[in-house]
Amino acid sequence: MGAVVVQHIERAESAVIAGLAECGVSTVHEAQGRRGLLAAYMRPIYPAARIAASAVTISAPPADNWMLHVAMEQLQPGDILVLAPTSASDAGYFGDLLATSLQARGGAGMIIDAGVRDIRELTEMKCPVWSKAIFSQGTVKETLGSVNVPVICAGALVNPGDVMVADDDGVCVVRREEADQVLAAARTRIAKEQDTRARLAAGELGLDIYDMRVRLAEKGLKYV
Amino acid sequence: MGAVVVQHIERAESAVIAGLAECGVSTVHEAQGRRGLLAAYMRPIYPAARIAASAVTISAPPADNWMLHVAMEQLQPGDILVLAPTSASDAGYFGDLLATSLQARGGAGMIIDAGVRDIRELTEMKCPVWSKAIFSQGTVKETLGSVNVPVICAGALVNPGDVMVADDDGVCVVRREEADQVLAAARTRIAKEQDTRARLAAGELGLDIYDMRVRLAEKGLKYV
Amino acid sequence: MGAVVVQHIERAESAVIAGLAECGVSTVHEAQGRRGLLAAYMRPIYPAARIAASAVTISAPPADNWMLHVAMEQLQPGDILVLAPTSASDAGYFGDLLATSLQARGGAGMIIDAGVRDIRELTEMKCPVWSKAIFSQGTVKETLGSVNVPVICAGALVNPGDVMVADDDGVCVVRREEADQVLAAARTRIAKEQDTRARLAAGELGLDIYDMRVRLAEKGLKYV
Amino acid sequence: MGAVVVQHIERAESAVIAGLAECGVSTVHEAQGRRGLLAAYMRPIYPAARIAASAVTISAPPADNWMLHVAMEQLQPGDILVLAPTSASDAGYFGDLLATSLQARGGAGMIIDAGVRDIRELTEMKCPVWSKAIFSQGTVKETLGSVNVPVICAGALVNPGDVMVADDDGVCVVRREEADQVLAAARTRIAKEQDTRARLAAGELGLDIYDMRVRLAEKGLKYV
Amino acid sequence: MGAVVVQHIERAESAVIAGLAECGVSTVHEAQGRRGLLAAYMRPIYPAARIAASAVTISAPPADNWMLHVAMEQLQPGDILVLAPTSASDAGYFGDLLATSLQARGGAGMIIDAGVRDIRELTEMKCPVWSKAIFSQGTVKETLGSVNVPVICAGALVNPGDVMVADDDGVCVVRREEADQVLAAARTRIAKEQDTRARLAAGELGLDIYDMRVRLAEKGLKYV
Amino acid sequence: MGAVVVQHIERAESAVIAGLAECGVSTVHEAQGRRGLLAAYMRPIYPAARIAASAVTISAPPADNWMLHVAMEQLQPGDILVLAPTSASDAGYFGDLLATSLQARGGAGMIIDAGVRDIRELTEMKCPVWSKAIFSQGTVKETLGSVNVPVICAGALVNPGDVMVADDDGVCVVRREEADQVLAAARTRIAKEQDTRARLAAGELGLDIYDMRVRLAEKGLKYV
């Protein structure tokens, strides 16, 4: 149960990851049976980022960002850091220096159930972050944690190598081994929605498109 | 006490509604005696929308958006949907498909004491939403609710047909039957404030404009 | 212990204040030993403002903005108002009229552990505000408070004349009498970080730059 | 829209009120169609109180308890005070002096969407209070409010004279004019539950008592 | 990914479970490497209950307690129900009728990341519950969930058959397959603490017992 | 600005401290001009404790209780520990072992803007604690803090040697140098309230005792 760094993790195929990014959080979440959402308090530091990336996970002590440095070495191009503190913290674990390092290693961004700082610089650098808080509170480098172990981040289980999908709606995790079937389901969903969207845009009602009127009446809905 | 859809509701005059939109939330709130504000957690999904519209209300079960489809049929051009869950929920009741339907029917937007999703698409569609949360969490269509009944939305009583005024400051409800007198009071207030604004801009102090110095002294304020 | 207005307060040198503004909140916070941050819930009403200014403090009753008018007279060009309610409040103490007055007096902005309103107007006026809430809720002018006394604002002690540094990361207070040495420390830190940033950008790891590997091994970190 | 005291209000019959007290909050809430609950944050200051009483309502400014004194005169034996602040407040509006007055007038207790203090004394006096907070924060007597007007208290609409039912589960409001039919429905429910309770106590399953197995299978539940 | 009921789950040995109950939450949490705590908001409905039991898990829709009836059939004597809603809910899923059923089946109690009601009755029945909220809000029986699947309950992963340890400090989950070694570690810890407790009670300082003075000095602590 | 332990602090006279304990939090808070309350979230772990004691303050890192051991040596009989984390934390810094040490040194209890654990044992030991949270989450001993420096604890400034008054209503801090005059004011208040209490108990109204009717009418209150 000690502090470990798992150096070799499996990742999903990059084409699948790219496909999931295009689908977006809400669609992916539906396509995998309404599972995998991180808590609603996880918000992007700037709007309109939309990414998917393989998780390099970090279990870190509260207000101690030492393990971020350790994790940086495990990062492969296109990966995203996912940090869960072992006890709730709003401290600012991540700022412009670490973002510089992350981008130099080809990292895609950061998902952190804690705080982040240097918001203006991160926005200018186009380094997307989804966090629980924006807070300058400094951290120390005193206590070990682990890298690439399963973590519970903002209420969701994230295994190293799982695919994180993140956009303006929030963050969703997709199991690595289910990624391609979730992508297929998401694409099917999108195709089907396009037809529905056209009918709705033409003024048809969901009541008719989805054939709801009989069932509503059976349940006892009364029009007065 | 069953599930009902009230099909015919009264609405305020469209000119009055348009007038209230111009006045904005803070002025309207003051003009009607500091009543009618929805809770401060109701925030717009994108800045700078400013609208007023007649409420089509929805009382819905938690994480069940069936009644949104029912309500859509009751919408008249210029109306706004106002959804209050019967038990607190952050689930994402409303997204781009329903927004497509809403706009096809001429709806003005959505006010929801729960969650919303597809933020980027809604922003691009210019479909304004004021919500408690942004969250992708999917909903079901299993349990009935009611449409066009009085609801308590984010701490405020909203009757169907009441005028919802919403902008970057939040949301305020105006009773339908008081709408024209509130508009008159709001315009009077605006006119009066323009004069005050000019004097303040010229460097005069509120202390003098509002003649506060004597009363402050009587209350015991000491300058040291 | 009565209601007082302290009319003469000391301020830091304007060159020092301007220097602190350039350094930004996160750097200043670190440079003074990780002290002085206001709570993470203090957020700017619009992004990308970055200022530093001398605090004119206000201790005000909940939902009563009378003392704001009193404080306005004590404002000198470049000062910022810092309001702490005596009991928690989200009410909208400050809006476009008071902002007009503040700018006419040369004030730099407002920091308020309560609510603010007229967000759109304040944004257009470029009047920066950091607040706990955006809320239209009106206030009264009935009960006295004090101006230019020490206050606890969002969890931090602020003395009149202390330097408030505020940007997208939040708000930090610097003791007036420590302002020049904090500025010096902040500039040293920035200079040092530029070198580190260059090395990180070139792909070096923090693990090596900060020489962490030995200490991590001593603490027992295991690579598997 | 000014400050008013409504002196004459209707009340439900005392036998009906007493009957509702015996039924308790959860049963009454169910019996009236799952309506009328105040927010879950409304908690009793000591356990095992169980009452029902007619509401004398108070709309009060934040941290200003002046109207409590005004309301005390309107209290009839058996009534309960229901206070809703016009803007959120945790201040301690009510303590042992006001409780002494309340009991001298035959009042049954207090329901307050704000703070209360002197908890130990109130407990010793057996003066039940349901509140949002326990907080000593003092209040002023500066700004008017209203007595016996409709208020929204902890998310529920309360009209003067409505019956408040309160116990360890929280607080529920029953419309005065529906009180006797709600009592009848509650008693029917209790009678029915006694039979169910006996069967459950004997080891029968709800699955069988409520005949759920077929519908579960139809919905698609799979046993593995 | 559909709705399933897993009928056969493994459980830890009853002697091990009983041993963990004696050790209590804080000790067990430390003994397993500071893992496994549910969120601090999970509180007992009455003080001084202290139990350990095998988890029968429930993944349930918000405000829908249908699956509780399904789970009841899967309960074996000594088991505890662990319910996690698929979307946050404070609704009262569990009350005295279900508690009667639970006790008739030999169930040990309930852990629920949502609401509970009939507090007085549950307390009289000595049916311990740890919950997020006390709230009467009724639930429906409309939507399926699953029984005996892994759930994330109050931020912790719980597998069916894991041992739940719960007392006045909160709730901790122990992996079924680690239960005996965690018990051994907990007992070792308790034995060791007894010695330390005696020395502390005699007035010795932790500074000396744990030999901290040198390390404090090395870190730079200054006595002034 | 480093980590320091201030070894010699001034304390108020023990007779004054004992007198303040008898007066209780709400009275003391009023007697010193409604200042000094800690946040309403600071609650006793068991009811009916009522104490006053000199503060030995601790500024500690989040989830690191090392400084508690350091502070224990600075404790004199009758003192109380007051811990403020440098960044918000719910971790359980204090449990039965530290309580044993505290009581062996004659300490009166603990006030902590964070978590506490071993609630049952602390209750049995009659070791009163006022805390923000009850949580088993373990802490480390890695990072220095300071002892007997001014801290902001739950929103209030506490200097070492200040008198902490705590009971079921919460916690209030009294400046050491003002303690005797606050005690005198509190006793005056109590004496005055006894007369008022007798009149209220006899059925007189506050409206008459405090002579409020004229002022209410002047403000515009209308009886209808």
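The chains carry the letters A, B, C, D, E and F, assigned in the order they are written, with residues numbered from 1 in each.
Everything that follows uses one rule, which is that contacts are C-beta pairs under 8 Å (C-beta built on N, C-alpha and C of every residue); 3 or more make two chains touch, one makes a residue touch a chain.
Predicted model, so just to flag it, every value in this text is computed and none were measured.
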Labels of chains that are neighbours to subunit A and to subunit F: C, E
Copies subunit C and subunit D touch via same or different residues, half shared test: same
D-E compared against C-F, more contacting pairs: D-E
Averaged-CA centre spacing for the pair subunit F and subunit B, given as whole angstrom: 42
Between subunit B and subunit C, centroid-to-centroid distance (C-alpha), Å: 31
Rounded Å distance, subunit B centre to subunit D centre (Cα mean): 28
Two or more partner chains touched - positions in subunit B: 2, 34, 86, 90, 137, 143
Touch-based graph of the chains, sorted into line, ring, star, complete or other: other
Chain-chain contacts as defined at top: A-B, A-C, A-E, A-F, B-C, B-D, B-E, C-D, C-F, D-E, D-F, E-F
Residues of subunit C touching subunit F in the complex: 1-2, 32-35, 86, 152, 155-157
Subunit D to subunit E touching residues, read off their complex: 24-26, 29-30, 34, 37, 40, 43, 47-48, 50, 167-170, 172, 193, 196-197, 200-203, 205-207, 210, 212, 216, 219-224
Complex interface listing, subunit E residues touching subunit B: 61-63, 86-91, 137, 140, 142-143
Complex contacts: residues of subunit D adjacent to subunit F: 2-7, 66, 69-70, 72-73, 90, 92, 95-98, 100-101, 103-105, 115, 117-120, 123, 133-138, 141, 143-144
